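Please go over the structures that come below.
Shared between the two complexes below is chain A, which has chain B as its partner in the first and chain C in the second.
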Partner chain A sequence: MSGTNDTNVLSVRGLSIRLATRDGGASVVDDASFDVGRGEVFGIVGESGCGKSVTAYAIAGLLPTPPLRVEAGSVRLGGRELLSASPAEMRSVRGRDIGMIFQEPMTALDPLYTIGEQIAESLEFHSSLDKRAAMEKAIAMLGRVGIPEPRRIAAEYPHRLSGGMLQRVVIAMAMINEPALLIADEPTTALDVTIQAQILALMNDLVGANGMSMILITHDLGVVAETCDRVAVFYGGHLVESAPVGRIFAEPLHPYTDGLRRSVESIGGSGGKLYAIPGSVPSAGRFGPGCRFHDRCAARVARCGIEAPPTTVLPDGRTVRCWLRGEEA
Partner chain B sequence: MRTGSGAEGALLEVRGLSKHFPVRSGVFSRVTGSVRVVEDVSFSVGRGETFAVVGESGCGKTTAGRTILRLYEPTAGSVVLGGIDLAALRGEELRRARRGMQMVFQNPYGSLNPRMRVGELLAEPLVAHGIAKGAGAAERVADMMGKVGLSADLAGRYPHQFSGGQRQRVAIARALMCSPSLVVADEPVSALDVSIQSQIINLLQDLRAELGLTYVFISHDLNVVRRISDSVGVMYLGHMVERSATGPLFERPLHPYTEALLSAVPSLDPARRKRRIILSGDVPNPASPPPGCVFHPRCPKAMDVCRSVAPAGSEPEPGRFVACHLYQDPPAPVSAPL
Partner chain C sequence: MKRFFAALLRDKTGRLGLAGVLAVVLTALLAPLIATHDPLAMTESLRQAPGRGFLLGTDEFGRDVFSRLVYGARVSVYVGLVATGIGALCGLALGLAAGYYGGAVDNAIMRLMDVLFAFPSILLALAIVAVLGPDLGNTIVAIGIVRIPVFTRTVRAEVLSVKSQEYIASVRSVGVRDSRVLFRHVLPNVMAPFIVQTTLSLSSAILVEASLSFLGLGIQPPNPSWGSMLSESRRVMELAPWTAIAPTVAIVLAILSFNLLGDAVRDILDPKLKSVE
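Up next is the complex of A and B:
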């Protein structure tokens, strides 16, 4: 990872997020660092409660504070520090520089306004276009995301559209100001598999055509493998491994990544018992001082339960947070 | 393993099962139409086998599962379990038959009463069916908790004190308390994390072997289905469009919908991605299905006949059933080119 590279759109350093609780607070994300390059699709993958969505919310300045709070770190977008920006400054960053797509399209849409009005509103807020010009641009964008009869659909209310169509609308809304960075949090999880294939193909086309960067948050390794250039794996609030997508499944370095890969491959395989990672996913706040995966890890050594491993950056830029790999490097 | 295609040896025989829900409108809520959620579905499952029902949301797979168990009254068709026609049973007879068939739901948060301790949740079906109570029930509860991989010490805890995976183990244990022969599992691992899914699938497989269970496994996850089922029925908009033994279906799907569905699954293997078929459009509203074959508006191989005539089922290969004009025998009349 190269710290201040101007091909990087986003640079996250030492990000730590805590949850306020009655008994003193709990670590939700601990010391996460990664970069997203220009035109790159960067995947963040992990299971429920691993800190993947919270990390994205912190980048966009949408962390619900309290109870969640950024404790330390830096988030730089195009060289500008976002963590110290005021709420008003962040409002102008969101929508213009950062576009967001959520799992449930209806959470991003207001049922009382037409689809065209909602997309045009974002344009009017961030540019000097008048109402009429903004609406024309909104209709053109609906066409680009593959909505049939965009002029008619622009005049419809959200409840008239299917889930797949609504997600296209949300994509159009997120992209209307041509942001440098798109953050998509489980954008296809609520959709059927044939519709998911449509939406992923659309997002890949749009990002490729516009030189936009994207952070794609998902629990689905198949989606990561098909869509992303690089990927970070989160477990229990630790960024345990990051690497180019072609390498991470071919030769995972962290035992958790390896376990995930083996689970998925064994479900796709045949015969015999499925490979399963023993134990259960820890809930935030119940972490000991050691590596957060150590109690489920087959390769653990004594040190793993006592002391959290540091992040090791390998010569090829891959990172891994594991005592076993740290020793080698 | 038996193929489950013949009536002999089949534990469950579903024939021509339909479930229509009335559509009401107007001030007097008059019935103005019906939604055909499940339409003429037939399949059989051999004892000890797993039959998977796959499809996307709204295809009718969950309704089919519930209608088989008579949680919904079927509109038409018959369900024969171990030689007894369930659709004809009433009252006490139906109650007794229900012991033999149980359901596991997707969401263990919703299917377990949060105010009951796990021990009570597991003993309840025994008491309700008059099988055991008191110390006898407690002994069976401890035994079943062991079978599903939970320590019997946890019987005094409440559902919220368990993780998602453990809670699904409790739900499975509860379904098995009355020693059913048939378990309908509706998306039993879909709400679980990837690393926990494999544990629960292994448990279901072990229990099937140990207790001789027969499963109807309802799922949208084709990887899981390929792994655990002996045969598969693919549903689209209420119709079962293809039915086959699992191996042949995944190796060489016949129906264009099955083909597209299989190709849409994201894969870690780059070689599998090349053959992607991206269907255009959405699943139509089941209240106003398209005429002819219900899949024709999205079908890349649709012909003229598909737009007007619903395909009858055919059996192009032994044991493989498909409802598609491409496989009609004799071939459907195609208008001759002029």
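Up next is the complex of A and C:
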């Protein structure tokens, strides 16, 4: 599952990101490590502010610095270190090797350029195509993402299209250079439920057809269950558990994952009151020395509040960051 | 562009403002054709009331007030346009740099603007003219400098808001380089408030010019400017009130026209007020 090195497209090791604040700074992501295999759809789930989007931005070299800064760690894409790459190198990586899809399709396109122009722009930067050829390829790509009458739509401005259509455009823009890795940051959150399924299916098809890998960031466990191969759960900047998607639901290792799983309504469920994890997430910077989840955890032991647990790798490749599991393994 | 003018003409305020501004500009351009007398020529008929021969009467030196008013429009329009142009272009460049690059660049530029802003605009213009010496060119430069902070702030605020839009992250995510992001994606998106600010700023520039000339630091006599005409009229205000009324009305109407036009332009360009097509 977590594969050997040569099958991994992306390898993140010990990634730590800090937010500079007036009172010293806060740890936003702490010591996160994960791999994304070739052709794999890797989910990152967690609540708002758990560090999942920041992780994605750091991988693409798009962290707003300051205030956010990568403190430590390594991000390797196809064996190449990205964190020490120059801005010019990162520019050539973005778009060509890494494509990004954003949450809000309505604002993800510049209102002053036509859809065709914007897709062609990303193409012109990474290929030697001239304007006309780039536009033709953009139109072809629009057809592939299921836009009807792509030639006409390419000449339209973004405000003329619906959210679902725009998200297809954004997907076309991210995939036009056929990057090895696609990072989708909550791509369906802003869309209607009926459109969500279409967009997810489209992304899965395209990723599968091109042998690409995808990091899918979401807070929706339903989306994870439907689309991902493997999933990492973030809580308060800690990657608390990573496992194949089936195992996460069948046999969660971390108490937080278990809480998440139990707080999702299922069709044909008991009909009783929905489970909620007690308490709320402490804000970044307010974490004590212990496990970041300990004050909301039903299974905590004395050690949890004093010392942060290390990440334990189980023999089957799953990882968990919890004292209870660490000792077992 | 065609749509913009159509919208401007559909708007009542816009029509009125545009008509006023065109009247002032045309007067300035066609001054030699419109004026009935030489604006500098003194005649025997001192302080003659408006009527036959002299449309708006004569001043204390026997010069035709109407002709001086017409030539004064040249000064107002010229100073207004060039000074606003200087302020707008400098402000645009500084605002873009401050907003886009942030950090130390932003701090340096904005603190400098705060200093400029701290002076009342007339006082600052006075000081600059006093240093450079009173003549038309220096007046224009002074008024231009006074207008810079307004533009810098407007542009910077807009850049900050545009910069946080996802489409900027999106074009950066496909590898577009910084300068291209700035000039092709940020700049065009801040143009609307910038154009509005420019239109509104024209009237302020005209007013500052009138004030400077009134104080004797703008256009030097005997050349006519609305401000200096007003200033000269002070001595004979009771004997010849028309010498004060004419430039006052001209200033009020010109500024009103530019402001009305500015308001209409803002209504048209403000995306928040724009109707969905």
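To be clear about the criterion, the second predicted complex is superposed on the first by the 317 of 329 C-alpha atoms of A that agree within 3 Å, B and C clash if a C-alpha of one lies under 4 Å from a C-alpha of the other, contacts with A are read in each partner's own complex, and residues count from 1 in each chain.
What we mean here is this: a residue touches a chain if its C-beta (ideal position, glycine included) is under 8 Å from a C-beta of that chain, and two chains touch if they have at least 3 such contacts.
This one's a predicted model, so the numbers in the text were calculated from it and none came from an experiment.
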item: Joint occupancy of chain A by chain B and chain C, clash or fit; value: fit
item: First (chain B), second (chain C), both or neither touched by A:A225; value: first
item: Dominant toucher of chain A (residue count), chain B or chain C; value: B
item: Partner chain(s) touched by A:H294 [first = chain B, second = chain C, both, neither]; value: neither
item: Which of chain B and chain C A:S162 touches, first, second, both or neither; value: first
item: Which superposed partner A:R96 touches (first chain B, second chain C, both, neither); value: second
item: Which of chain B and chain C A:S280 touches, first, second, both or neither; value: first
item: Closest Cα approach, chain C to chain B, once both complexes are overlaid on chain A (Å); value: 6
item: Footprint of chain B on chain A - complex, ascending; value: 47-48, 162, 164-165, 192-198, 200-201, 219-223, 225-226, 249, 259-261, 263-270, 273-278, 280-281, 296
item: For the chain C and chain A complex, residues of the former touching the latter; value: 103, 165-167, 169-177, 185, 188-189, 276-277
item: Partner chain A, residues of chain B touching it in the complex; value: 56-57, 163-166, 193-199, 201-202, 205, 220, 222-224, 226-227, 260-261, 264-270, 273, 276, 278-280, 282-283
item: Of chain A, residues touching chain C in the complex; value: 60, 62, 66, 91-96, 98-100, 102-104, 107-112, 118, 121-122, 125-126, 159-160, 170, 173-174, 177
